[in-house]
Every structure is written in structure tokens, then in C-alpha cells.
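Quick heads-up: structures coming right below.
Shared between the two complexes below is chain A, which has chain B as its partner in the first and chain C in the second.
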Partner chain A sequence: MPGDNVSTDKPKDLKASVQKFASDLAAKVENFVTDISELEVRTYTITDGQFATVLDDPNKKNDKTLSGAGVQLRAYTRIAFDSDTIVCLPVNNSGQIDGAVWDMHQAAVNQALQSRAAMLRTIGDAAASALDALKKSR
Partner chain B sequence: MPDKDLRQAVAAFVGQLKDRVQPLIDDVTSVEISTYAAAAPLLESVVTAEDIGIFAQRQGYTRVAFQCDMSGCLETGRTDDVDASVRPMHSSTVAQALAEREKLLTVGLGALASLGVKPG
Partner chain C sequence: MADYRFTFSGFAAAEAPDPFGVWEAPAPDEKAVSAAGLTWRAALPDVDSGLDAILARTKSLERGEAYLLQADAELRATLETVMPAPVDRVAGTASYAFSVPAAENFHPQKQALRDTLSGFAALGAPPRQVAALEGAVAFGAPDAFAEEKERKGFQEAYRRWLAFVEQVKQLTSSSSNAETIIAGECIGLTRIAWDGDFETFWLPGLSALSREVHRQNVNLVLASRIALLRAASVIATGAGGLIFKAVVLPPGAQALLLPAAIRFIFDVMDALRDWEATQR
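And then the complex of A and B:
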């Protein structure tokens, strides 16, 4: 009966899926806290017309920082896990800071902080759920 | 065994998370916020330096001290030294750092609790 195959295969599939998920999650969880322990945000400006040259370069896809003609770092923030913070702002020849760039940089920093907290919450929940599912799948 | 791998990974995760969260709930903790300014063309080399202070001028510094326990943290002292030119930026960064510290403490404790761990 076709139904017999379904009834015996489904628990096996489920168990295999849970174990696969557990294995994949284990790889992520192990170094997660180290990965998120320091958060860095860099805000760049790029000369008009240079976007494609800088952003579509396949050799630089995985680079942590941007570089190239017309690229300039405009603001930098580093936040440790205990929230100790370093901000570095560029000033022009008159000692003035560009308020518009600062506003955009702050928006990016806020987004990154929210993302870090959400990821920590999600990984904690996922690890707890996966451990529970593994117990039940035995 | 995948379940053994997950247990080991979760144990490592819990250990690392406890190491990070524990200092936040120890008796005395502090948050330090430094705001530097550098000439625009030099910013890239400044931020990659091991000590930013060598190449950039610190224009704002705040240190906030806390007394903390499991029920929360109480501010016990604050040191401020901020130039007028960076005051709005520095102030918003201080507020952001304090809010982030509280949020990470809550989320970190929540993550540990969901895994059955109580720090301290």
C-alpha cells in the first residue's frame, strides 16, 4: 500500500530533518557570540558615477571595507558587547562636521544594534527549540 | 552525532554568552563613550589604527558607572568632557550606548534563561 511507505518514511524524514537542522544550527551557534561581540559601522560616500565600479567588483564582494576611486569613509562607529563605544567623525578644513552624513550614519548604527539584539534573541530561541526537538525525535 | 554536536555548540554558546553578560551584571560596571574627530581624508587610516587616539583628537568622552544586580542597574556616577562642536553627536551616542547596554543585558539574560542557565 502506498500509504504504508508514507507512514514509515515520514518519521524518518522528520528525524533526519531535525538532525540536519541541529547540525546546521550547531555550526552557527558555536562562534556566534564571538562574531557579534564587536559591532562596527562604516558610512561611505562615493563619487557620482562610481557606484557600479566600486560595488559590482567581484573581487571585492567579500571585503569588509569599501575602497576604490571616489570612495571616502565619512563616519565610523565601533561598539563593544558591553556598549563601550568609539565614534570617529570627519571634519572639513573649517572643523565642521557634515550633519547630513551623521544622521545617515546614526540611522545605520541604530539598525545594526537592533539587528544584533534580534539575532542574539533568535539564536537563543533557535538553540533552545532545537535541543527540545532533538529530545522529542529520539 | 548531530545532537552531540548541537549540545557542544550550545554549551560553547552559553559559555561565551555568560562571559559577556556576567560583567554587565557584576557589582560595578561602566560604559565609556569616546568621540573623535579627524580630517576627512585621514579617516580611513585613523579607524584602522590600533589606537585611534594617536591619529585623531578626542573631542568627547563620557564614562558612566553603575551598580548592578539581577533586578537592574543604578547609575552611580558620570564623567563628561565634551567639546561644544561635537556635543549633539556625542550626547546621542551616549544615549544610544546606554539603551543598547540595557537591551543586550535583557536579551542576553533571556537567551540564557531559555537554555535553562542562570548567570551569577
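And then the complex of A and C:
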């Protein structure tokens, strides 16, 4: 457990920990800005009882899109930084848009967009606060 | 009575309590659906009452965020009362005069903060202790506290700081799984990558209400992640304020005030939540 050896057992340095905390957050903001050049949202349906089999399949851990027995990609949206958007719509067997899946997918896209904006803002604030505290401590 | 469980797992410091009081550690036999990443699970007895339970937790998180702001304001107000006291330099030591009126709110928390500041200040002057502090800042300092209660208080604060840092680190590097379990069956799982990509897995043929339960659960998870990161920001800002006041501390010792800030902020939030519970 972190902190168990807080007294004298390990030669750790709290100041170093604080510095690392601040610099990690700052690096995270930088990576975040680089990595959010596009946002991808995928909506799947999955066979009952197959969650663990599909999600933790070691053979598919690097696959961007999961496929195979028990899982089916039903809708996909990719939004690029310049707002170029690709949307793959879910259709049923008769070629009609599957309203239920489409509603779920749209809700997820909205959540993802709002979440990413909030995360970027909040991590940026935390990094700025930590760096400011560090500056004062010098 | 129906059992509603809101658990989070996968954190290296899983026993660290959620400062917002929304999520708890899972029981030992409770396993996440997916082993990868962090898991935030809402386990609900039925879909009808499940939505109300999630919305109630969302309100609880909102109150927790208000407590965070209040704790931040209390820390800022307390800092206004922290003053170096040159009168106490006779024995070569510096200390702080720190007014804490007896009838003031959060007296125990402010008293604990005063004890920590006094402990740091006492470390400030004697050359032998300064040398020790500069040599091994983090682990020399807690043992150098004159009072046992100060030492223990700092150790606890330090432990919370490490656990919190680990939580923030994992939050910003691991994916989060939002699981919705109804009557023991997973109906929806959303995997949120740290950079914001979403993957949602649904059982086919779910009712509109079931879909709404999962959607609201995902909202709760997203809001919880943001709230923890906001807490990091408030704690760092509060520590910055403490550092600004603690200018007489030896070089490097100011960083020790971050655990003092986290302890104060979380203790005030706990006190507010306890007070709210007594009002029900």
C-alpha cells in the first residue's frame, strides 16, 4: 500500500514525488493535445455472457475494432480535429436504420465530445496548479 | 432492502476512499467484467429503481463537488490567519501564530493543520535538523516532529497524498470501464480510453429504460473522473498558498505542505458529508 513505508524505510523523497506529479500532468496535457486529433466512438452489440471473452481476448488486445463470435460492430463515428466526420450507420436486416442502436450511439458520441473537452480543461488546470506550487517551493 | 452497489476497482491504492463518497471498494469476491483498466461498476437490483439510484449518486457527487469548493474556501480563509511569529525566535526557532477561534467551523481540521505547520516550523531553525531535512526531506521530516500526534498526522497525510497521486496517475493513463449490472447481469459496458475514445458494448434488445440507466451510469463515471482531477487542482492550489505562507521553512521543506493540504481538504469534505448525514 502506498505510504506504508512513510517513516524511514525507503529513500523516497516527497519533493521528488511532487515534482513528478506536476511534470507528469504537464506531459499528459501535451500528449492529450497531440492524441486528440481525432475522436472515435464505436457501438457494439454483444452476446449475453460474452463480455469477458470478447473484451479480454489477448489475441485482440491491439485491434482497433473488435469482431468475431459474440460481438458485432453496429455503429461507428470518427470526428477529426478539423471536424471532418465519418459515420457508419446501424441498419437492421431490412436495411432500415436501427433506431435503438442509433440512439445509443448518438448518446455516446455526445458524451465522448463533452468528456474530452472537460478532461483537457481539468488536467490543464491541475497541471498549472501543481507547477505553480512547485515554483513557489523553490 | 434492495442492494445498490457503486464500486471502483483497478486502482493501485484501491483502499483509498473516494473523497466524494460516491464509490466504494468492491468486496473481495466481486470481480469486474473486464480485467483491463479501471472499473466503475453500478450493481443494481432492478432497472426500475436503478435509474433513481444512479441519479441519487449523481446528486451526491454534485454535493461532494460543492464540499470541495467549500473546503478550498476554508483553506484560503485559514491561510489568512497564518502569520510568522518573530517573538518565538529566542531559542533559534521560528514558529507560527495561528488563530483558531473555538467557535469556528472545522476547528479540529484547522487545529490539525496548525499542528502540522507548527511541526514544520519547529524543524526550521536548529542547524542539525535543517541539515537532516535537506539531506532526506521526506523521510527525515516526519520523524523529526517533536510531538507524536504531529508525526502521526503527517504520516497519514503523506499516505493519502501518495494514494491520491496514484489515483490521478492511473486516471490519466488507463482506460475506465463503466459497467452497469442489473440483477447480476451486465447489460452495458462502456470503455473510455484516457484520450476520450469510447467503445460501448450492449446486450441486444434492451429496453429504453435499461439504455437510459447505462447512459446515466456513464455520465456518473465521467463526472467522477473530472471531480477527482478537480480535487487535484484544488489541492495543488491550496498547497501553493501554504507554501507562500511558509517562507521561513528550510529549502525543500515547502513541498511537504502538499500532504498537509490534501489532509485538510479531504477532512473538511468528510466533516461536511458527516454533517449532511446527520441532517437526514
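In the analysis below, the second predicted complex is superposed on the first by the 105 of 138 C-alpha atoms of A that agree within 3 Å, B and C clash if a C-alpha of one lies under 4 Å from a C-alpha of the other, contacts with A are read in each partner's own complex, and residues count from 1 in each chain.
In this text, contacts are C-beta pairs under 8 Å (C-beta built on N, C-alpha and C of every residue); 3 or more make two chains touch, one makes a residue touch a chain.
Nothing here was measured: the structure is a model prediction, and the numbers come from that model.
S.K.: With both complexes overlaid on chain A, does A:Phe32 touch chain B (first), chain C (second), both or neither?
M.R.: It touches chain B and chain C both.
S.K.: Output check: A:Ala108 vs chain B and chain C. Expected answer is one of first, second, both, neither. What do you get?
M.R.: second
S.K.: By the touch definition at the top of the document, which applies to A:Asp57: first (chain B), second (chain C), both, or neither?
M.R.: After superposition on chain A, A:Asp57 lies in contact with neither partner.
S.K.: Taking the superposition as given, does A:Ala100 touch the first partner, chain B, the second, chain C, both, or neither?
M.R.: second
S.K.: Is A:Tyr76 touching anything from chain B or chain C once the two structures are fitted on A? First, second, both or neither.
M.R.: After superposition on chain A, A:Tyr76 lies in contact with chain B alone.
S.K.: Go through the superposed model and pick first if A:Val41 touches only chain B, second if only chain C, both, or neither.
M.R.: In the superposed model, A:Val41 contacts chain C only, not chain B.
S.K.: Which partner chains sit in contact with A:Asp84 here, chain B, chain C, both or neither? Use first/second/both/neither.
M.R.: first
S.K.: Contacts for A:Asp132 in the overlay, against chain B (first) and chain C (second): which applies, first, second, both or neither?
M.R.: Second partner only, chain C.
S.K.: Of the two partners chain B and chain C, which one touches more residues belonging to chain A?
M.R.: Residues of chain A touched, chain B against chain C: more for C.
S.K.: Do any residues of chain A touch both chain B and chain C, and if so, which are they?
M.R.: On chain A, the overlap between the chain B and chain C contacts is residues 19, 22, 25, 31-32, 42, 109, 116, 123, 125, 128, 130, 134.
S.K.: Okay, in this complex, where on chain B does chain A touch?
M.R.: Residues 2-3, 5-10, 12-13, 16-17, 19-20, 23-24, 29, 31-41, 43-44, 46-47, 52, 56, 60, 85-86, 89-90, 92-93, 96-98, 100-101, 103-104, 107-108, 110-112, 114-115.
S.K.: Provide the residue numbers of chain C that touch chain A in the complex, in ascending order.
M.R.: For chain C paired with chain A, touching residues are 12-13, 15, 33-36, 136-143, 155, 158-163, 165-166, 168-169, 172-173, 185-186, 189-192, 195-204, 206, 208, 211, 215, 218-219, 222, 225-226, 229-230, 232-237, 239-240, 243-244, 252, 254-256, 258-259.
S.K.: For chain A, which residues are in contact with chain C within the complex?
M.R.: Interface residues on chain A, with respect to chain C: 1-4, 6-15, 17-19, 21-22, 24-25, 28, 31-32, 35-36, 39-46, 48, 51-52, 54-56, 61, 66, 71, 100-101, 103-105, 107-109, 111-112, 114-116, 118-119, 122-123, 125-126, 128-130, 132-134, 136-137.
S.K.: Chain B touches which residues of chain A in the complex?
M.R.: Touching chain B from chain A are residues 19-20, 22-23, 25-27, 29-34, 37, 42, 65, 72-79, 81-93, 95, 97, 102, 106, 109-110, 113, 116-117, 120-121, 123-125, 127-128, 130-131, 134.
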